[in-house]
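The following pair of complexes shares a single chain, chain A, combined with chain B in the former and chain C in the latter.
What follows is the complex of A and B.
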């Protein structure tokens, strides 16, 4: 995934810095890098957000569509994730190069959002048993600088916060029910994202673990666990990634760190989003 | 998604008759006995055998009551593309539900869930295989679930690790996997498809804790090689059920060992 090829000496340097809880960019092991979040950038979407986490740049657009309900779950709406790993980010994504990574991220998001408390899926149903909203959550990776899973999930949550679903009025006539979509751009409803998870990746480096690993640090890790953490600290999905194995005690420690960091991250994100909302849409500039 | 035009497909929009059947979901709040009569902590009987595919380097078959899977291992063989050169061997894994294996018919092409499971099986096995012993080569694992009644992931992991071992691939340890489904204070060990679906596919919140956990474990090295959870669980519950799965893995380990010993004995007998 990365171009960064590290020598043994560089790897040892990173390993030692993690050991001392003082990473190469001066952070502690449980610190995130500087992050920028903007919402409502793309006018053709119903909700959009961009997150820049150090060098990782992610753009998310959510489009809503009316569709027939899933016969297995006739009274709820659906979410559909798609991650486009653009070759702009790294030449390795050219052609079908980014497909595996994209499907891995979308699988993780699908699982993290699959529990009923993540968003109010019932409110996404327009006509139970017939029509519901299908939210296409499309993620575009513009730049990779490590920790993609977390950045993508933050951007997705921000875009869902920004989402404006047009109101639908139903009129009953003899032929059945007729759906009318409101023309008024200010006639919409919002989605409650308080229960939505963010993904936290915890990387094992040496005997310690770090969150929000940079590209170089990712190169030094053999195993990481990826968790969806909600604001309440519950874990909505988890998986281990990488070719290494882990001790069960260290997994517990890593989970504890992820929970702590994830709860904090959720709180700060929601606060920042609400603040942006209050200030009104003033885009600080899209790509700088 | 492109479809194979040579195959006869059903009508574009069709529905499973089970969608109209009365609800087959369990009442989790008042569950006293499991539908198959097991106690909550009881595993299903495990049946394993090796050498089921004669052309493969190694193969195995697993049966946990109604969950049945078959696995074949090919290789190590040379990596053909030069850009894929690596001093460490490569492991590939292809996980597939047979089209008729589940309640709903599956497509013959790998869907996103199967791709996800392929990666998870691969990552569970990678730590156990001595890949540095196989430079410039790749080992291919193919898993087909013939019948799915819950715990497909753990069955696939065990089946594949046994197939690798029977193929004579050098490994640090066998990989044993176990799952548990959690709903509130109930922990159902080795859940069936019905139990899994009741908990994971529910659209209303059943309980503050509702989900499932799968753990793959290397027993003689006491390392966890894969870990996967779905649904919403609190940290404490997740931790506890993870430990429970590890304990169950240790209980299953002798079954895998014995199957491997039997395989070796048969091999010796056929040689002499």
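What follows is the complex of A and C.
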């Protein structure tokens, strides 16, 4: 996935450092790098967020649209993920280069959010059996510095937190129901994201595992599992990646640390977002 | 376990203000430098509508009638004699292609490396077949710029025992303009680590090796685990270098040592936090000003 090719000695150095629980930058195996979150920075979306995790930079915008319901699930709304890998991030994304990675991430997000308790899908239904909200979640990768999955999922959750769905008034007239979207920008409802999962990637390096791997560490990983974890510690999805094999014991160990880290992530993210909401500070955006 | 999520709005303002002297005339791409037609067009500029525009962001420099713009952020422009760190990209006919953050891949000829068995050895076809045995894709080397070709491509050499393949350690990539040109770029710091400040912005931090054996020509790497104490020193140095680079400080041995000393009161991983990094760099800056260097 990354273009950082390492020499044998560098890999050994990283491997031993993970063994010592003292990584190349001084972090322990379960430490995250510090990240920066901002929401509501794109004015022409219904909800947006930007997350910068060390060098990984992700921008997410959510647009809502009224559509016909899925006949199999007539009472729920839907989420649709799309990942755009900008060639600004790495030249490897040029042309169709980022498509595989994009569909991988969107598949992972779709699966993580397919859990019924993730978001209240019933609240996204406008008229049961007929109309519901479809949320288009568009993710733009601006820079890759390792641990993309986690950063994307955190940005998605922040954008969904920030989402403002316009209120709809329904009037009944002959032959059907007429839907009327509110034009008032302050007439909206929010989505409850308390149960939304974040994705935690656990990389197996040597006999130990690390979370929030840097690009170099990702290069040393043979196998990793990617988990969707909610605030309560429910694991909503799981997938394994890489050519290496994993022992069942180590899988449960990795799941346990992902659960622990994921719960903490959710808690701190929500706290930060609520604080931002309270402050109502003006947007910083990309200028600094 | 530690998770740290901040808000963009709570980022302290003015943490990355420029501290040096007034840089003079700064332009951004597209800016008109002069409408006077009496000047000559240099690097980083272009002519449009009879005005001279800047094509890169940087400072305007004038030598007599030649106007050029020196970019602030640039790839590495090699000069003969520079010490560089590079990563082997590819093997070709009698040469290695090396990535040195230059515009083009640099070239390391088989004839300009030290091979095991003495300096005056003839290079045979056998050696050509053994090239991957000496240096393979992904390996890091330290080298010196031997020549700059007409197209800007660098030709490197490692014909000294101080150059050659690098073993265990940590590579940090920063902007090449932040590395101060010095007489020596190899430093054995008194804190138990060595640092190579490549002119190309690649900085190599490794544990100090006592004796470099000559028999193998430096192509054997030691893969034994490094003691945790050394590892801590390396990690701390890495974070210090990144902090200094983040605050746009010129890098040389003294300032790195000062940063190391100033950072000792923090845990290594705390140095990743921006406010701690800024504080450490401020201390370094004060100390350097005090000593008038």
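For this structure, a couple of remarks:
One rule holds for everything that comes next: the second predicted complex is superposed on the first by the 284 of 288 C-alpha atoms of A that agree within 3 Å, B and C clash if a C-alpha of one lies under 4 Å from a C-alpha of the other, contacts with A are read in each partner's own complex, and residues count from 1 in each chain.
One rule holds in what follows: contacts are C-beta pairs under 8 Å (C-beta built on N, C-alpha and C of every residue); 3 or more make two chains touch, one makes a residue touch a chain.
Because the structure is predicted, anything quoted here is derived from the model rather than measured.
Look at chain A after the overlay: chain B and chain C fit there side by side. Contacts of A:111 after superposition on the shared chain: chain B is touched, whereas chain C is not.
In the superposed model, A:225 makes contact with chain B only, not with chain C. Contacts of A:42 after superposition on the shared chain: neither chain B nor chain C is touched. Contacts of A:252 after superposition: chain B is touched, whereas chain C is not reached.
In the superposition on chain A, A:50 makes contact with chain C only, while chain B stays out of contact range.
Shared-chain residue A:73: touches chain B; no touch with chain C. Once chain A of one complex is fitted onto chain A of the other, the partner contacts of A:244 are limited to chain B, with no touch recorded for chain C. One geometric descriptor of the composite model is the angle centred on chain A: between the Cα centres of chain B and chain C it reads 110 degrees, in steps of 10. After superposing the two complexes on their shared chain, the closest approach between C-alpha atoms of chain B and chain C is 12 Å. Of all residues in chain A, those touching chain B in their complex are 71-73, 75-76, 103-104, 106-107, 110-111, 114-117, 121-122, 223, 225, 230, 233-248, 251-252, 255-256, 259. Considering their complex, residues 1-9, 11, 16, 87, 137-140, 166-171, 221-223, 225-226, 228, 231-232, 235-236, 238-239, 267-269, 271-274 of chain C touch chain A.
By the touch criterion stated above, chain A contacts chain C in their complex at residues 5-10, 12-13, 16-17, 19-20, 22-28, 30-38, 50, 52, 54, 154, 260-261, 264-265, 268-269, 272, 275-276, 279, 281-284, 288. Interface residues of chain B facing chain A in the complex, by the touch rule stated above, are 15-16, 19, 112-113, 115-116, 119-120, 123, 126-128, 200-205, 208-211, 218, 221-235, 238-239, 242-243, 246.
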